[in-house]
Amino acid sequence: MELVPNNSLKCTTPEDGRRLAISLALQTSFAMQPDEHVQEIIRTTYANNPEDLLAASQVVATEFATIAAANDYWR
Amino acid sequence: MELVPNNSLKCTTPEDGRRLAISLALQTSFAMQPDEHVQEIIRTTYANNPEDLLAASQVVATEFATIAAANDYWR
Amino acid sequence: MELVPNNSLKCTTPEDGRRLAISLALQTSFAMQPDEHVQEIIRTTYANNPEDLLAASQVVATEFATIAAANDYWR
Amino acid sequence: MELVPNNSLKCTTPEDGRRLAISLALQTSFAMQPDEHVQEIIRTTYANNPEDLLAASQVVATEFATIAAANDYWR
Amino acid sequence: MELVPNNSLKCTTPEDGRRLAISLALQTSFAMQPDEHVQEIIRTTYANNPEDLLAASQVVATEFATIAAANDYWR
Amino acid sequence: MELVPNNSLKCTTPEDGRRLAISLALQTSFAMQPDEHVQEIIRTTYANNPEDLLAASQVVATEFATIAAANDYWR
């Protein structure tokens, strides 16, 4: 399983960086739970539970901080 | 769906940076739950639940840290 | 609604920075829940619930990290 | 109420920095809940609840990161 | 018990950095709970509980931030 | 009670840094709950509760970020 798409933190734009942050965040769950059926259940649970969405958003925010620094904040 | 408004982290003032932080924080939830009806339910849940508001505030604080660094803290 | 008092992260002292951190942290909740009556209920809930106070303290600590960096740690 | 003892982040040693981190972390709760009787109840709750102790430790770790940076990590 | 594989934060690629982040994150639990039977129960609990997966993902994101900085973001 | 062993963040290796991170993380709990009997109960609770282990791992990750920066990431 690939944990970092294209094995790179380089992103052309903040929008790309944001999509990478979401990928990284979700990929960690899938690395720890490789069963695709259980993954599907988990993804549905996340998407319909406000507290889970907030917790996932926190992970994304943390990943994005790293990606933004890696790209020198697209200055 | 656009994850970063105007595809930029540049903000003229801290106030603008703060608004962007709130946008980024909420946009992650909407990216994971694209159904607008469920989004509405979730938004109402957040707004009326003290613990959810605190969790959302934590996400906003984390996004703001990145935005502030990207703008060299408006020094 | 003003999210950043005086639209500035500049603070003369750590004490001022700390007060700004508390303002920013609470202001996010109020931006998401503009009803003043509900705000009052939420504020009372925070103040009397140990777990909420800890969660709020975490948000304040995160905001303060940004403010301290913005002020070059008052060195 | 004083939020930052001596209104300074300067600490001579890591040990002093750690004590300041604990002070800052607890002081936020007291600023939001000024009633000393309720404070006492909350402090006792924290000290006897493993999850609260962990949450408080997270706040302290976050405050300490800021204090350590402010003191250039006592290098 | 070894807490940091090869006693180094150096990683050739972001993918390697990501794997190290997951190792560091899980290794902390095992250091605090050395019984292998209990470890196995905990690992299974994590993998099947959405909230635990999110909490673990948050730890991984935090470890990855440090590893990425240590490797100058593989620039 | 000593909060920072040897009153220093200097560590020769990442492995030493990791051990210091675990010490700092646990020491905060003990500073807030000095009763050794209650400490023992809390330590056992942590070690057998998956959510507590994850929360403790998050604190350790945060402390390690500071320690790694203090040691210039052992570059």
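Each chain gets a letter, A, B, C, D, E and F, in the order it is written, and its residues are counted from 1.
Just so it is clear, contacts are C-beta pairs under 8 Å (C-beta built on N, C-alpha and C of every residue); 3 or more make two chains touch, one makes a residue touch a chain.
Quick caveat: nothing in here was measured; it's all calculated off a predicted structure.
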Open item on the list: With a step meaning a move to a chain it touches, how many steps does the shortest path from chain D to chain E take?
Closed with: 2
Task: Chains contacting each of chain B and chain E, listed by label - done: A
Task: Interface residue identity across copies chain C, chain D - same or different by half - done: different
- [ ] State the chain with the largest centre-to-centre distance from chain E, centres being mean CA positions.
- [x] C
TODO: Go ahead and note the Å separation of the Cα centroids belonging to chain D and chain F.
DONE: 16
Open item on the list: Based only on mean CA positions, could you tell me how far chain C sits from chain F in angstrom?
Closed with: 27
TODO: At least two other chains touched by the same residue of chain C: list those residues.
DONE: 46, 51, 55-56, 58, 62, 65, 69
TODO: Just say which it is for the chain contacts: an open line, a closed ring, a star, complete, or other.
DONE: ring
Open item on the list: What order do the chains sit in around the ring if I start at chain A and move toward chain B?
Closed with: A, B, C, D, F, E
Task: Sites on chain A touched by chain E in the complex - done: 2-4, 7-9, 24-25, 28-29, 31-33, 38, 42, 45-46, 49, 51-52, 55-56, 58-59, 62-63, 65-66, 69-70
- [ ] Mind listing the chain B positions that touch chain C in their complex?
- [x] 13-15, 17-19, 22, 46-48, 50-51, 53-58, 60-62, 64-65, 68-69, 73-75
